[in-house]
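Chains: A, B, C and D, in written order; residue numbering restarts at 1 for each.
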Amino acid sequence: MQNIGIITKKSDPHALEATKKLAQWLHEQERQVTVTLDTALAVDIPLAIAKRRHQDELPQDQDLIVVIGGDGTFLAAFRAVGIRTIPLLGINMGRLGFLTEVPLDAMLPTLTKVLAGQYRIEGRMLLTVSVFRHGEEVLSHCVMNDVVLHKGALARMIEFQVSIDDQFVFSARADGLIIATPTGSTAYALSAGGPILHPAIDALLMAPICPHTLTNRPIAVPGLGSIRITFTSKPGNNPVTAPGGRSSQSTEWHDRLLTLDGQTGFHLMEGDTILVRRSPHRLQVLHAPTRNYYTVLREKLHWGEQLGLCTEPPSPR
Amino acid sequence: MQNIGIITKKSDPHALEATKKLAQWLHEQERQVTVTLDTALAVDIPLAIAKRRHQDELPQDQDLIVVIGGDGTFLAAFRAVGIRTIPLLGINMGRLGFLTEVPLDAMLPTLTKVLAGQYRIEGRMLLTVSVFRHGEEVLSHCVMNDVVLHKGALARMIEFQVSIDDQFVFSARADGLIIATPTGSTAYALSAGGPILHPAIDALLMAPICPHTLTNRPIAVPGLGSIRITFTSKPGNNPVTAPGGRSSQSTEWHDRLLTLDGQTGFHLMEGDTILVRRSPHRLQVLHAPTRNYYTVLREKLHWGEQLGLCTEPPSPR
Amino acid sequence: MQNIGIITKKSDPHALEATKKLAQWLHEQERQVTVTLDTALAVDIPLAIAKRRHQDELPQDQDLIVVIGGDGTFLAAFRAVGIRTIPLLGINMGRLGFLTEVPLDAMLPTLTKVLAGQYRIEGRMLLTVSVFRHGEEVLSHCVMNDVVLHKGALARMIEFQVSIDDQFVFSARADGLIIATPTGSTAYALSAGGPILHPAIDALLMAPICPHTLTNRPIAVPGLGSIRITFTSKPGNNPVTAPGGRSSQSTEWHDRLLTLDGQTGFHLMEGDTILVRRSPHRLQVLHAPTRNYYTVLREKLHWGEQLGLCTEPPSPR
Amino acid sequence: MQNIGIITKKSDPHALEATKKLAQWLHEQERQVTVTLDTALAVDIPLAIAKRRHQDELPQDQDLIVVIGGDGTFLAAFRAVGIRTIPLLGINMGRLGFLTEVPLDAMLPTLTKVLAGQYRIEGRMLLTVSVFRHGEEVLSHCVMNDVVLHKGALARMIEFQVSIDDQFVFSARADGLIIATPTGSTAYALSAGGPILHPAIDALLMAPICPHTLTNRPIAVPGLGSIRITFTSKPGNNPVTAPGGRSSQSTEWHDRLLTLDGQTGFHLMEGDTILVRRSPHRLQVLHAPTRNYYTVLREKLHWGEQLGLCTEPPSPR
């Protein structure tokens, strides 16, 4: 681990402070680690020892990207890393994240272990989403959490149909549909009533948002399937009444939108086809050896703790 | 019942046919009923015997409005009737509606009974929604189903807080919040996981849409309460990537929108306050004596039917 | 308030301590309050100043019952009070309860206010449940939270049908059915997916437990309705395999059980009819003026707190 | 396929009729199929051509078991087959089952294809459940749908903790916990709010039943994990009031029960440990080539059908 980049939540002074501290500490290590920071932090963190790159280019040639912030910063770092095989290590600023497991006060001890080779890397599923229009691919993107199909805010609902590997699965009227990785199952899909899928499960989760048919339940399908969404009739839009009664020139009526990892929006048009597949690439998440998935889950969801009274019986053979 | 207006689903040929049939039948009754039709139907239903009015003005001076279509047509009729004390009678076109209970083949028998005074009128709760901006009321509206606060389609979520009668109730991060009448409990709120409230219950239903906090459950509060929604920080928007990568001039980023009865949209701005209260007026729904609320519910939701094997025990005293 | 009884969680030393402290304090007041304690506490709280009665008889002639413990103790106190018009005041032992709102350190200040007449009494709905068998009433009970119809633990499901005021509502196959007061809506019914009903709403909540038909959703019906549950065919039971493979003589196969307030169980038999109605009596809950329903709800459910950043806009006129 | 056994829903005359028809048809085939029927059907189906065996022994030496009945009959057939590698083919009696896909009128055409080698066999996950008591294994069983831990019908709840591969996952208070295979995800787990898992996914589903903590959501964990459930304090039981007020000698108070595939019950005791793992064996389900999983799902759950208006766009390359 000679080259380490840091991607930081720029709006958080504590994250900036931690970034500075980490950069200096890394520089002082015997191993002569080269640290690269975001060019945009030149004023906030005026360290001569750091190389500078624009965030989107920062991951290039790095052996590790340390993410300092919350799960949102981790998502931004993922966008910069893309499909490059570079591990990410998330440090949180006080509030445990699903992806930023390491608390601030464990940052340097964790990095010490990492530099000593004491870590494990977990490969997590990524999704590829494509939009086809008149036979051409007009969007192609890689996501780590979810692809969300959603009605426009003023549309009443959308009507779509879902096929997997060219087998028709169902049609639905709903506010939308979330297609999530297991990593994304604890993000937006959970709010929509979806289950939790352990990240080691090879499955894609489809969770409808406010479906008209109450039996349209979340469903997990095998990871190797290709999910295709097509549309039918254009549902009618509603008139927008601007304040004062004037008619609004809003483009808000767009019926159908696609949101990628809750970060990037895309307007869909009549006749578009959406294709979602497991990516051949995987997100590389670096974990400290001490933490595990269920610990994070339990803390985030306030699940019951180990019961004090219990004397755990000897493990059955 | 001397003056009867008919509001029709104009796009449905069967509804037009039924309207024509009903208008003629009413004209032929001994009681000399005056029928008023929508001016827009002059070509489709060229009946000399009918008076004509624009739909928005049609309910004026009528003793009854017959709605021929589905629940959407009923909503449109309600918008035309507003707070006038005129009963509405809904006729469906083959697909039972919560508000259009009477099937087409029971239309004339039902009207025969109605003209003979055999009916009951049910008063249903209406809501008044107001939006205040810089101390001024910029929106005031009456709804029969629901007031829906919703994030813009490309916003990540909205953050809002709810008070009732100046008591703070909760703050939440969610896709939105539905405030529904009991009538509206079987509409959008049901898709969002809300319960069914019998229309005779004096309660307002609040159902969050995809809440971040999983314990934010639907709650019914007393009908006389004033629900006030206020906002805090403006959540960040997402960049819209138009096809081909060009940046879109979309105004879709509006964070917060209000939809009234799923029909009318309204853009909210920083600092707006929303106030929702039970209206002093009530929707007048005319029912045929034979049908009841639970029958409709059972048919719409495919609930279990009466069990054939059961020999109902004598009613306990 | 001359006569005050105390009902205590006997297994909790802190509750016993608090009871002793309160009894002495009450005795020392100028107003010469007579304190009555449970006979069963004679050893634990050997106060000469207290009158003694068996818990079931304790509420007789009291002006107030102070409940020291948790919501379970409150339920026990309710069972002792029954339909007598005696207010109950709940003191919790550190963990806020829906019914035991007052924290221990506010006990004496609250009682000071109560003795000075500064309190309000809230009447809460109670339910009457009756079971009829061969035309005779074999059970009659009053509950404050819920009547739960449940399959026997080894039965596969139960099949039942629900009528309200002699109108058939639905039949269902499910693990059971909860019929709850608004007070009970935050107890067991919430675990089964039911909504929260504010206690001032005059409605009965029916929430199915694990229904086979996914559209069988929780429904609130008007408080004045009589809910009747009848049964049909006897569902088959499962063989009980006792450890070692011997066949068990268990009576566990009883298909259908009734649980009242989660406290009292009752075996149902073929042909039984259950009738649940709003009681003419109401539970008298004494509240400190400072606390309100939503505060308790927010704390129990970990709902979002008031948002610091928010400058509450002036109340709309 | 020389030896074919038939397992039949004995209480259904139509199933008996179909069994007779199939046995004769099989006997008349050129290939000289030997048919084995349940000894218990000797009177109902007096065919000299059939071999007879007790249902539990029937699958021995068979090449195929045809199940004629519903999903319950399929479960019974699975119990007889156990871990033997014998494919099962389910024929339904008019009501499509998840496991009995073939309608009665397609029985002979389907068998014609099967005898001609036109079929596919799907291996489905089975679970092994063990109960350990004082270091000894007191129960060991193989299930195809689910292992259900449930409170006794009159107990208030159970408290348990879950570990996977010796990592503590969560503790919970609930009515129970369902551990299901993907096949079982559309059975009881669906009623408890669980998601649908496609049978090709290698995952175990845990769905809590009426959990006290609302954030205790269904979770799917990797198939190779060992789920261990242990208990803590014994929750208090409720008094059972027998009809007439006499105290019942019921053994119904058993706190904790285990139900296997909804068929077999088992009483748990203090200190028991439950271990659930994926079985090394798989259920062999024989499918007609024309039907697929999503078709069955769509029909059972009344999901939306393919939309008529839709002109499916050309498949994206």
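Assume a residue touches a chain if its C-beta (ideal position, glycine included) is under 8 Å from a C-beta of that chain, and two chains touch if they have at least 3 such contacts.
Everything quoted here is computed from the prediction, not taken from an experiment.
The interface holding more C-beta pairs in contact, when A-B is weighed against B-C, is B-C.
For the touching copies chain A and chain D, the fraction of interface residue numbers used by both exceeds half; the interface is of the same-residue type. Rounded to whole angstrom, the centroid-to-centroid distance between chain A and chain C, based on C-alpha atoms, equals 44 Å. We define each chain's centre as the mean of its Cα atoms; on that basis chain B and chain C are separated by 36 Å.
Each of the following residues of chain D touches two or more other chains: 190, 214-215, 217, 301-302. If you check the complex, the residues on chain D that touch chain C are 133, 138-139, 150-154, 156, 174-175, 188, 190-193, 209-212, 214, 238-244, 248-252, 254, 257, 259, 262-267, 269, 301. Of all residues in chain D, only 130, 132, 135, 137, 159, 161, 164, 166-173, 190, 194-198, 200-203, 205, 213, 215-222, 228, 230-233, 271, 273, 275, 292, 294, 297-298, 301-307, 309-310, 312-316 touch chain A in the complex they form. Contact residues on chain A toward chain C in their complex (touch as defined above): 214-215, 217, 302.
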